[in-house]
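Common to both upcoming complexes is subunit A, partnered first by subunit B, then by subunit C.
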Partner chain A sequence: MFAELNSILNTSPDSFKPGEFILVSDKHTDASFLIHHFLSFYLRAGCKVCFLGLVQSFSHYSAISQRLGVSLTQGREKGQLVFLEGLKESLGVLLQGEASKETRTMDFLRDPSSGLRGLYDFVRDNVRGAVGGAEEWGPPVLLVDDLSVVLSLGVSVGAALDFSHYCRATVCSELQGSMVMLVRCEAEEEEESDDEGSERLLRGLIHQCSLTLQVQGLPTGYCRDIHGQVEVCWRGQCDRQQAQKKLFQYKVHDKGASFFARGMSSAVL
Partner chain B sequence: MLLEVLQGTEAGGFILIQDSVNYCGRHLLKSCINTALKREEVVHVLGFEVSQEELNDGLDRTSAQRLHFHNAYSDPLGWTGNSPFTVHQFTLEDISTLLKQTPQAKAVTLVIDSLSWILRHHDPAAICQKLQALKKGGVVRAVIGLLHSDLHQRGTVGSICHLATSVITVAPGTRGLGAFAKITRRTKSGKLMQDEEIFSINEDLTVTIQSKRSHPGSTPMNTDESEVDPTANLTFNLRLSDTQREAKEKLPLPFVFSKEKKSALLHPGTGSGRILYEPDANDDYDQEDPDDDLDV
Partner chain C sequence: MAAPKMSVGKPTVDRLPCNTTSFQKKSRSKLVSIPGTRPSIQNGQLIVSTGVTSLDYVIGGGLAVGTLLLIEEDRYDSYSRMLFKYFLAEGVVCGHELYVASALDHPNDILQELPAPILDDIASPKTVEDQAKSCDPESQDAMKIAWRYQHLPKVQTALASSSRFGHYYDVSKTMDPEICQAARCHGFYLPEHSTAVTSPTATTSGQSPMPETYSSLLNNLQEVIHREGFDGSVPQTKSRNILRIGLHSLGSALWDDDLCCRENPSHGHALTTFLYGLRAMLRSSLSVAVVTVPSHLIQNRALMGNITRLCDTAIALESFRGSERETNPLYKDYHGLLDVRQLPYLNCLVCDLPDNKDLAFKLKRKQFTIERLHLPPDLSETVSRVSRGELTGTAMVGSSGCGSGSTGNRHLDF
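Take a look at the complex of A and B:
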């Protein structure tokens, strides 16, 4: 959990806005450090977290969360964290001879045109707390890392947007929980020709979300002390105000990340 | 013109609000709904994109019984099995059935939030046909739709715009002055009117027009005020007085070959250096000027 980011977003594990759909996107850089932030943030807040880890293994997140002071293994054992290891499950799906009825979650690997309904069913079943469970967790949280990988597996942009819509309807609107999704854009040079692409998915998700964090490399090039810039945009959905935007620069450390206003990096001052 | 369009009461009208990721057109849509409710009309909303609570937030509570929200948000594709309204039910017959559920004697306004959702699941040509049928069919008096223009191909967006009687394209305004709207209105006689306005939406969802005909790309009137004068607040003087400026402009540039320089070179005045040449016996002194044939 990054303290500076909390103050920028005006949240803390004790008080955060319910029903938020936070979209993290990146272009030419890696924004997964923000996913680690949100993971540790919501675990510290005592929420029930459902994590769809489609691109990395559990031990990867566990090692990084250890450095941020949160134990994923413990969370999983206590039932606070439900972790879908996409890579492991996909191996099972791809290596099996006949279709198995148990794992419908990763069905889109076998038949991309069927969409992400199986994945949504998994989310829906795990996001509602266990009836008569021993501990009462806070509002449910869904974290997806990352959604754009399904595009390269053959799933259409429309199916991915339907999935995020259903997740939002269930997690944010019905259960008043929160949702964080990471979308990675490819460095496409053509402007108008990408109708089926990560850009269209990004635009569709921006229309659905309430807060976006767009991470980019610095427009001037590589810098050792500043790893990139983050544009935070609050979309005025509930209020009648216009979207409010703020731009920050960041640097990722071993145990966290620091955020500062443009030109205020400690290396420069 | 924006206010006229929002107040528009002509039958068979189709108002299209186009937005993009930079500015959400839903506030303007809610403003339209509020205006329709205040006109004592019955409003049916096909809500695909936001939930009922989110859409009702801010709307006029006193006319709430005239507003009918059809929940297509929680299960638009029928994945849970018991969906109130799915995207596949967007047909003239199903909508008529929906509207007959609520008895009304007055005009019905149908609001579609949003058309982008439906376009994702249906063929654009089929949608255009259904919209045209809705417009002409007499089932509803007016249709208001929200479209996210950056989610579709230009041809699709163009086809839907063609069907509309009024198109309002919204974009963020410059310098936080409000939002920018470009309105295109087609009257029944076929006349096309266009206008550009800057507007803002108040707390009670009424629209205030701030100024007209100001394109967001062009520089606004107060650029001079906002520019900082770099010659102010210095310990030395960088400005020129009028006489100094005149003298500066009169000064000839060093390598410009002007008339004065040419005559000074060709006709040296008295007292300037002269060359006295005494030819020797062996010299071949030609009196002719070798440069005579030059046209200088």
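Take a look at the complex of A and C:
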């Protein structure tokens, strides 16, 4: 959990807005440090977290969360965290090729045209939580890292947008929980293809979300001390509240990230 | 090695359980007994050498076990093939097992062409340091005018880390067959494996995203990993070892993939699905993979971006051979440019970012060096300096000769 980011977003583990759909996107850089922030944030807030880790192994997130002060193994044992290890499940699907009985979660690997229905079923089953047990955990949270990898694996943009729409309807509207998704894009210098997958996905998701954090490299070039810039944009839900944008630069450390206004990096001053 | 963060983490178990990944932080108290590997200085990951010491330095110390290095080939596949052979030769010298897959040359032919290791190579890295040290006392006397700069370190163009890791190879000789024979090697030669005419996946209702070639390679690789016990399934009575996987020229037309042939390939997601499966396999076993892709044939840059993001470390080679830059005086010392496209974040939030991204390589007989590209001072009388930005810009267009001619009007006639 990054304290500076909490103050920028005006949230804390004790008080955060319910029903938020937060979209994290990046271009030519890696914004997964924000996913680690949100993971430790919501675990500290006591929410029930469903994490779809499609690109990295569980021990990767566990090691980083350890440095941020949260134990993922403990969370998994207590039932607060449900973790889908996409890589592990995918091997069974890719190698054998026949329809497996239990896990239909990663079915889109075998047949990309079928869409992300199996993944949504997994989310729906795990986000509701134990019906019999007491409501010891807070509102449910869904974290996806990252959604654009399914585009690389052949799933269409429409299917990915359907998935996020269904998840939003279940998690944010029905259960008043929150959702955080990471989308990675490729910036095109010239618009050679209009229907470039990840750009369309990004535009569709920006339309659906309530808060975006767009991470980019510095427009002036590569710098070792400033890793990039983050543009935070609140989309106005009510009539009187307009969309509000703020721009920060950031540097990622071993145990966190620091955010500062443009030109105020300690390396420059 | 005395990084404080290593003591913060919990000490992990020594044996590798079969259902967890190999990304376990090895604590210092339990020394890892796999030859040819060492824990990384930055984050305690277990790393192996790529065979080229300057490449190890550029990618942050070495290749982490369980990750994938993508090499974007240069135009004639000359230097990328050299790096591929260095990687395999390093495996032979360290005693690792090898897995070589190729569609063009038989893996046995590739193994016979490996460069010979220089086993008494303590002399070669020291000479660079010795020269640097010997220059300093001279320069201290020499700095009479610019004495304020005396305390600054001399700019080192050669990239090398202080501790030695990896071996040096002599490119002009091939490895002794006896040394080669001692290494266990598994080969996958595509023409021998493309036997099945009717694949079972084609009869299912959906369309399989991977062509038969990639799925048979993936199955074969999984079978080797499982049989030899690299994924911890077989309790290894002998000491643990690393499997070095080399996959040559994936994505080319020989692998039944039209990624390089068309702008909108029909199997657009074949290679990315394969790389996803490979990533899953690497994360759960003690292996490290190097994949070369002929990226100069891929017209769709977005696809190349997808491929890069599914790999951990990615470098691109661009050789000057056959281009106009071969005769350019700026690049006369080098054979090509090397671009580090991506470095992985493994078990930590940061990775070791380089401070300079302009790198060039040259292949000498005993060393493949990667150096920072910098402009030497122009001491000629006529100020006819062509800036580097113009060079790289116009060379992309392909007319650096014309470019320098058109900037001849920089001669300001006062």
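Heads up, the rule we're going with is that the second predicted complex is superposed on the first by the 257 of 269 C-alpha atoms of A that agree within 3 Å, B and C clash if a C-alpha of one lies under 4 Å from a C-alpha of the other, contacts with A are read in each partner's own complex, and residues count from 1 in each chain.
Here is the rule we use: a residue touches a chain if its C-beta (ideal position, glycine included) is under 8 Å from a C-beta of that chain, and two chains touch if they have at least 3 such contacts.
Predicted, not measured: the structure shown is a model, and the values here were computed from it.
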Original post:
Overlaying the two complexes on subunit A, which is it for subunit B and subunit C: clash or fit?
Top reply: fit
**OP:** Considering only touches as defined above, state whether A:D125 meets subunit B (first), subunit C (second), both or neither.
**Re:** neither
Original post:
For A:I206, is the partner it touches subunit B (first), subunit C (second), both, or none of the two (neither)?
Top reply: first
**OP:** Using the touch definition from the top, say if A:E77 reaches subunit B (first), subunit C (second), both or neither.
**Re:** neither
**OP:** Quick one: classify A:R235 as touching subunit B (first), subunit C (second), both or neither.
**Re:** first
Original post:
Mind checking the angle subunit B, subunit A, subunit C on Cα centres after superposing, to the nearest 10 degrees?
Top reply: 100
**OP:** Going by the touch definition up top, name the partner, subunit B or subunit C, that contacts more of subunit A.
**Re:** C
**OP:** Pick one for A:H60: touches subunit B only (first), subunit C only (second), both, or neither.
**Re:** second
**OP:** In the overlay, answer first, second, both or neither for which of subunit B and subunit C A:V252 touches.
**Re:** second
**OP:** State the minimum pairwise Cα distance, in Å, between subunit B and subunit C in the overlaid complexes.
**Re:** 12
Original post:
Residues on subunit A in contact with subunit B in one complex and with subunit C in the other?
Top reply: none
**OP:** In the complex, go through subunit B and note every residue touching subunit A.
**Re:** 21-24, 26-27, 49-51, 53-54, 57-58, 73-77, 79, 116, 120-121, 148, 150-151, 153-154, 172, 176, 179, 201-203, 205
Original post:
What residues of subunit C sit close enough to touch subunit A in their complex?
Top reply: 5, 8-10, 20-21, 23-25, 200-201, 204-210, 215, 218-219, 222, 268-269, 272-273, 276-277, 279-281, 283-284, 300-302, 305-306, 309-310, 345-350, 353-355, 357
**OP:** Give every residue of subunit A touching subunit C within the complex, in rising order.
**Re:** 30, 32-33, 36, 55-60, 63-64, 66-67, 87-88, 90-91, 94-95, 97-99, 109-114, 149, 151-154, 184, 186, 188, 193, 196-198, 222, 224, 227, 252-257
Original post:
Which bits of subunit A are touching subunit B when the two form their complex?
Top reply: 117, 120, 158, 161-162, 165-166, 169, 173-174, 192, 195, 200, 203-204, 206-208, 235-238, 240, 242-243
